[in-house]
Structure formats: structure tokens, C-alpha cells
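Labels run A, B and C following the written order; every chain starts at residue 1.
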Amino acid sequence: MKKSLLAVALLGACAGAAHAQTSVQVYGNLDTGIVKRSSENISIGKRTANTLGIRGTEDLGNGFKALFHLEMRYEPDTGSSEIGPGGNQRQLFQGQSRLGLQGDFGMLRIGRGLTPFHETIGNFEPFHAIPTAGGFYTDLSVAGYNSQPLDPVGSSGNRWSNAIWYNSPVVNGFQLNTAIATEENNGGVAVIGRGSAGAPQYPAGAEASANPFSVSATYSKGPAALMAAYERNAIESKVWSVGASVQATPELKLMGTFTRLDEDHTRVFNNETSSWVLGANYVLGPGKFLAGYGQKDTDGLEKVRQLSLGYEYSLSKRTYLYIDASRKKGLLTSPGSVNQYDIGINHSF
Amino acid sequence: MKKSLLAVALLGACAGAAHAQTSVQVYGNLDTGIVKRSSENISIGKRTANTLGIRGTEDLGNGFKALFHLEMRYEPDTGSSEIGPGGNQRQLFQGQSRLGLQGDFGMLRIGRGLTPFHETIGNFEPFHAIPTAGGFYTDLSVAGYNSQPLDPVGSSGNRWSNAIWYNSPVVNGFQLNTAIATEENNGGVAVIGRGSAGAPQYPAGAEASANPFSVSATYSKGPAALMAAYERNAIESKVWSVGASVQATPELKLMGTFTRLDEDHTRVFNNETSSWVLGANYVLGPGKFLAGYGQKDTDGLEKVRQLSLGYEYSLSKRTYLYIDASRKKGLLTSPGSVNQYDIGINHSF
Amino acid sequence: MKKSLLAVALLGACAGAAHAQTSVQVYGNLDTGIVKRSSENISIGKRTANTLGIRGTEDLGNGFKALFHLEMRYEPDTGSSEIGPGGNQRQLFQGQSRLGLQGDFGMLRIGRGLTPFHETIGNFEPFHAIPTAGGFYTDLSVAGYNSQPLDPVGSSGNRWSNAIWYNSPVVNGFQLNTAIATEENNGGVAVIGRGSAGAPQYPAGAEASANPFSVSATYSKGPAALMAAYERNAIESKVWSVGASVQATPELKLMGTFTRLDEDHTRVFNNETSSWVLGANYVLGPGKFLAGYGQKDTDGLEKVRQLSLGYEYSLSKRTYLYIDASRKKGLLTSPGSVNQYDIGINHSF
């Protein structure tokens, strides 16, 4: 069943017609627990994003569907809308707001959502793309790349507003995912880049110097899956990535990614970064072990190294407890390393 | 069926009693597409307001009902709450938040919502009251009148907070709609008016100088409908309007409005404005053509002229594609005219 | 039935298993009316908090449940998220956001919500804990105590973010309710306390000087109920309270509380406050009379006295009309007393 809860599948008025079938669902999840980071007091926090959304599909006949997603994100410990780094409150439907059509041709959507690069690489990360420090998704997996450099400070770094998505159908295990964004500035501050504080390369309110675009391809056959992705953002940083996963045994899944980031367009120094992450998931009864190790190497800077271990214990298909420990070294800020521990509960509906 | 989707009609606990019937519905729509305005880059935007709401009615017996609406508005291209001109984010339930009673006497509601003047005139506008530049609703139809001059910058201009509504029942095709607002200031900046920058006629935080009120009457008989409306806002601007529509053939509907605005209370010059809009809708199979032309004439200023053409193609009762072209001349800002084109998709649930 | 409307009780995928039962509900209420306070114009306002929430429980088997609440609060007269004193807009899920487990052991929850002290004393207040001036709940019942001194200005004063709750099962009529919060600062301004403006006792952004905690016990037997509670906040103010209620006849309920607040940790003067409130509810057909009188006495300050009278008339189990009159004397601000009258309607769903 996955997440189709509060699934209110309703028949439309003209229920005799094949195209009248409609499904609208309220869905979401809460994830909260206790977090301890080195040199900080214990806090109540989260391990993955907390969501509340509504989504629907309408059967238009002839294999066509209209579909939409509206997804709020929030902080479970304070009840506020999701807060980004710097304390900025994000938009109401931070998760996504997309509307589109699906058919034999694939899926075409307009609005706001994860870029194909970010959406794809998240499936090859051993902590199922949790955005908090225990996982690798938001930093090491993507080599520190930010999809949203001209968005407000505190943006999530992996989404586009004002974009169009096209996903191909899956043909012989192969799928292509693309998105292109307009050049609209979304309210970000200046990016100094190769300019100066007085004459930044991208002043506050500047539009993109080229349309951001993202493309990813996935291929799966039997227990194996491969990915490759390329993306360019509004300030012409470029990132590419390859990844693979294999379900080695029914219990064990192995995975890895390699990513390279080119920030030559806005940086004189430290403009080449490469990263890799290797990980494993091992299922044992109602429990699952997660483990990963990765490095991020920016030319001229100290290497960043991260080791993360986690365990999830399912109370049901929709509720699990978790505990994690991770260590990250090579941070530019003092003291240069941080340990993080968390323990908590996740419930989806 | 209209919009009664995700229609969760539930029987109350004391289901034996006639007054226990309750219906609560989640409803909304997404509308997004590509917009091109003269001298601007292509952007992702909307054609009509995007909503997510919850509404309910409770049968109280003896023909009485309790009823409510809570309606969020948002920007589909960024996922934020609705943003007004000037970049201000509007309140969570920008659309409306009203609670009231309905019975043989009519309907009485308290809270926030469209004024009767705005609600009525929207039904006589050829682009079904879309608030964006392709339509006539927010500017030409209402002769530039603003219902909310003491509300925050970027308010929608057609709603009242802190008001009471009364709608009569429909008797022989005739209905009366009224609202009166308190004098509460809702957080607006100063209105200089006939004062000076140092001593504005309405300082920031000033209360209304008289209770805003709005009244409209509609009459429909067979294929014809008529309207007349009058409204006075918090700074005593006065607007009146008459309109008519006729379903000339099953396919063709014609409509028009004439509106006159008096801003004498706050302006020495340019204080009389009149406007008219003529339009037509023509249905052809699953498609509908929309066309309109209008003028707005403020004494002492250049006339504003607008021509708009649109086409909507229904994929189902709840999903349509649209394309519009419009031209507006006589704007006070350079270059004095703007062309707008949009193409997109609308889905309601 | 209480509030289980829009109650979409759904069976999970593995419907054969006992632990697959799930219930997710959208719930809420609107309360709005006309308010008149001495020396102010008539306004549209509310009498109790307005909510829109989603809550769910999942049966995990063996008597265990997962459960959550997400609750928005809003202003019905303007449609905005709830606004606190000082005009600050509160967080999206101001009401609560909590996730937890329930079983024979009791209930354990993490997130944000009312403190046990506040939640318990509200049940012994004659105006069922309405937060507006007609009732005693937010000021006199709690002796002016604020649970959230390090939260942003305008916080509701009775909730904790970043906390863990434990409620015991009810054993022989006895129940224990506890919560402890982390020392995290939630964005409040400085508390000068025993410091000075230049060196406040709690600077802006300061963490709590001790973990806030709250404990309450309730005992009910037949028509009688007793309570006792103790709480310490982030700046080490301490409050304790006792209360009792008795259903004297089927129509008449009497109740009272006594509360004592010690602010010695942050105040040199005026640091001891005690208060008491006595009240009654009387049911007569579809109507209910509410009455209460209370005093709050801070050493060195004038006594605060309040008398409130109210009447609620039920149109159904979920809709009622209300009218109140209250008088409060001994306010520190001129003119020293305020009368408040309100009349309105409340609907829950």
C-alpha cells in the first residue's frame, strides 16, 4: 500500500465514463527524536524531513492522467514551517507544488520540486536520502553542489521553483528524467563569485545567466541499478555523477556514487570538487542496518570524511524507531570534526 | 458534481436525527503555465488563483445549516503562500475564512472574504474573473477600485477582513448581497490622500473613517442576467457598477459591465474614473473561446484600453488547457503598453 | 462522537493483520463573533482558538498504538495564522505537533504542545479554557505565569517546543502527566531579570538555565475531581496549583483553583503572586450558563479582580451561539479596568 493512506478514492459524478475516476489523498509523515552533537546540548530534532501533503490523479481516458502534488514541510519540534540554515522560514509548500499530465509519452509537470539530479542520486545513498547530518545526501553525495544559488539564504539546495519536468516512460529498464528552469531570480542575495563585494558577479536580484537544466538516466536489470546525471545551475556551476546499486542477497544491498563538481564559472580557487560514497543496507527481521562511508575532496582544501551507522526497527509498515551515530571530519570550521547521535521515531500516513 | 471531490459526506453520531448530517470537503485547484510579457523573460506563472481549502456544512434541522470555508491561496511556481504586488506574502487563508448560518432567511456569515461588489461583478467578466493580466477583473471591470486601502501593501484589493455578510434567498430570480466591515485597521501603511507626507489623511495604523459596506443585487430570468452594485471602502472611495449578460445561443454568451469610481474623498485630481468591459464566451465542442475589450477612463489621465483573447480546451470536467493573448495600452509607466501571452493547465479537485 | 468528523477510518494494506488498522482525521473549529471592549470600537474577533488539524492513530498490535497531532491555529477574522500579543505571527502548527506511542505503560510523545500544568488546570476553569479575555485561563487561573519566557514575543505562554511528554494510564481514577523540555532557546528576546539592560540575566538567544519541566496529577471519583500541578520554566520561575470540581447536580458543576507563582529567580520585587478562581456551569435545556470570579494578588501591586458571565446555546452537538460579559479591574495600565462583551458562533468539525 505504501503511503496511500487517508486514501479517499472517489468516483466522479459521471461515474459511467471511464475518465471520471479520481483519487485525492492526504499524506505525510512525522519524524522526531533526540539529537546530540559534539559540543552542543541535547536537542529535540528530526532525522528526515517532515511532510504534510495532498496529491491526486485524475484518469482522463486513453491512458492519460492529470496529476498533482502539494507538499508542506515543517519542523516537528516547534511546529513551524521548515526552517533552513540561517533561520529562514521556507515557503509553505517547500516539498513540492507540481501539476502535470502523464501518459504513454511519459510525464510532464510544471511548478516546483526536486531536480532530476537530486531525485536520482538520493536513491543511491545508503541512508535513503535523509537530509540531516547522519546521512550523506545533502553534502557528500552531491559534492557540496547547490541547485539553488540564487534562491533565498536557507533554501534546501536541491529544488527548483519555476521549472518544467519531463520523465520518460521506463523502456527496457531505462528511464530519462529532465528538468529546465526559467532564468527568474527567486529572491536570493548577491553571489560575489569572480566579482567583488562592490560589483558581485551576480548582484542581489540577478537573473540566472543561463537556464538551469538537469538530466538523469537510470537503468535497472534484475538486482542491479545504474545511474548517471548532469546538472547546471543558475550561476553555471556544473555537476555530474554516476552511481550503482546491487541487491547482493535478499537481505543485503550495496551502493555507491561518484560525483564531480565544477565551479569554475564563479570561483578562481577551490573550484573543482569530487566525492564518493559507499554504503550498505542489511535487513534482519524487523530491523535494518544502514552504513556508509564517503569523502569529499575540493582542490586546495582539506578532505572531508564521513562515517555513518544507523539502525531502523519497524513497529509496523508505517512506523519505525531509529538510532544513528556519525562522524564527519575535515570541516572548515573549528573544531574540524563533529560527532552526531540521534534516536527517534518516524511515522508516515 | 462541480467541485465536491474528496467529498467525504459523513453521518454524525446521532445518525437517527435529521440534523446530524455533515459534509466536510477538501477542495482546491492548481493552475500553472508559461507566461511571456513584453520586455520580460519567459516565466513560469499562473493564470488564475491557486487554492487549497476545506469547507463544510452541517444540517441543523428545520432548514437551517451551519457552514464554513477556509481557503489557502498559493503560488504554484514556487510553492509559497500567495504573494501580492510588492512581494508581500499574504495571510494563510487569503482566499476566505468565514463561518455562518443559512436558512429560509438567507445566509449570514462572519469573517473574511470577497466583497459582494467584487463577487458579483466577477460573474459578468468574460474571463471568469481570473485575477491575472489576461483578464479584466482586477482592474478594468472595477475601474481600478481597491476594497482594501488600509490593508497591508500587496493585499488583493477585493476582500474584507473583519466583516459580516448577508445574502438574501433568491426570490423570483432576484437576490441581494450585502456586507459591512468594522473600522479596524488591518496593518496598512499611511494613505497620504488630501494630506501631506508629514500629515497623511490616513496615518499608518489609522482606522477607517466610516464602516466599509458593499451591496449588490442580481436578477436572472431565462437566458438573461442583470446586476447592480455599490460599495464604499475604509477611506470613503465609492464605486457603483451595472452589468448584464445573455446566453444568446446555447454556445454563445455575451456580457458587459459599466463601472464608476469616485475618489473625491482622498484625491484632488484624477478622482473620477469610469470603465466598461464587453465580452463573449463561445463553446465549440470541448473548447471555449473567450474574448473581451474594455476601457478605463480617469479624468486627466490617458485612457487605458485592453483587448484579450483566450481559449480553453477541456481534458475532463476538472482539467483544461488554456492559451491567452492580451494587449493593454495607456499604462502610466513606460513603455505605456504591455502584451501578455500565456499557455498552461488548470486542474481542480 | 465528539470531534471525529471527516473521520476516514481506513484499513491498511495487510488488512488481515490486527495491527494494520489506521485512522487519520482532519478536524478543527471556527469561532468568530463581535467583540466590544471599553474604549475601543466594535471589532470582529474570536472567543476561543480557531484550529485546523490532522491527527491519526495506528494500531501496532499488543495494545500499542502510534499516534500524532498536527494542529494549525488561525485568526478567523483575517484568515492569518494565529497572531500573538505584539502582532507576531505564530508558527504554522501553533496548536501542537506531536508524535508518540501509547500502550499499557501510558503515552509517550515528542514535539510541541501544551504543558501538563496548563493542560490540566484548563479543565478546572469555568469557561472551558477559552484563551480570550472573557475567560480566566490565560491570566488569573495560572497567576500570570508564562511557560515560554525565552520564546519569541507573542508566544502563547502555555506550550513547549522541543519537549517530551509522558502521561501515565489512569489507575483507580488517578493519572500523572509530565513533560520535560530541552534547554534550547527558541528565538526569544533578552530577559533582563536581575541583570541590567546592558547585561541582561538572559541575553537574547540564551539557553534555559535549567530544563523546564512540568508535572500534574489528577484524581476523579464519581462526581468529584481533584488536581495538583507544579512547573518550572526556562528562567526558573516556579508555579504550583491545586484545583477541584464537583458535578453537584446533573445540571450544575462547581469548580475552583488556587495557584502560586514564585519569580524570585528573575525578580527582586513583585516576585510572589497568588490567585484563585471560583466558577460554575449550569445546563438548562440546550443552553449552558457559565460564571466565574477570581483574584490575582502580586506582592506590592494592586489586586486584579475579574468577574465573567457567559451563555452558550447549542444549535447541534457541533455548533453553538455564545454571549459573554466580563469585567476586569486592577490592570496596571490606565484606565485600570476593562469591560468586554462578545457575541458569536462556534462550529467544530
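Please note the rule applied: a residue touches a chain if its C-beta (ideal position, glycine included) is under 8 Å from a C-beta of that chain, and two chains touch if they have at least 3 such contacts.
Listed by chain with UniProt protein names: A, B, C = Porin.
These numbers were taken from a predicted model, which means no experiment stands behind them.
Rotation angle for the C-alpha superposition of subunit A on subunit C: 120 degrees, rounded in steps of 5. Both subunit A and subunit B derive from one sequence, and where they touch, under half of the residue numbers involved are common to the two copies. In whole angstrom, the spacing between the mean C-alpha positions of subunit A and subunit B is 38. Subunit A has residues 8, 26, 92 in contact with two or more other chains. Across the complex, subunit A is touched by residues 8, 10, 12-14, 19-20, 22, 24, 26, 54, 56, 58, 60-61, 64, 66, 68, 70, 91-101, 110-112, 161-164, 182-184, 186-187, 207 of subunit C. Taken in their complex, subunit B has these residues touching subunit A: 1, 5-8, 26, 28, 30-34, 41-44, 52, 72, 74-81, 87, 92, 315-319, 344-345, 347, 349.
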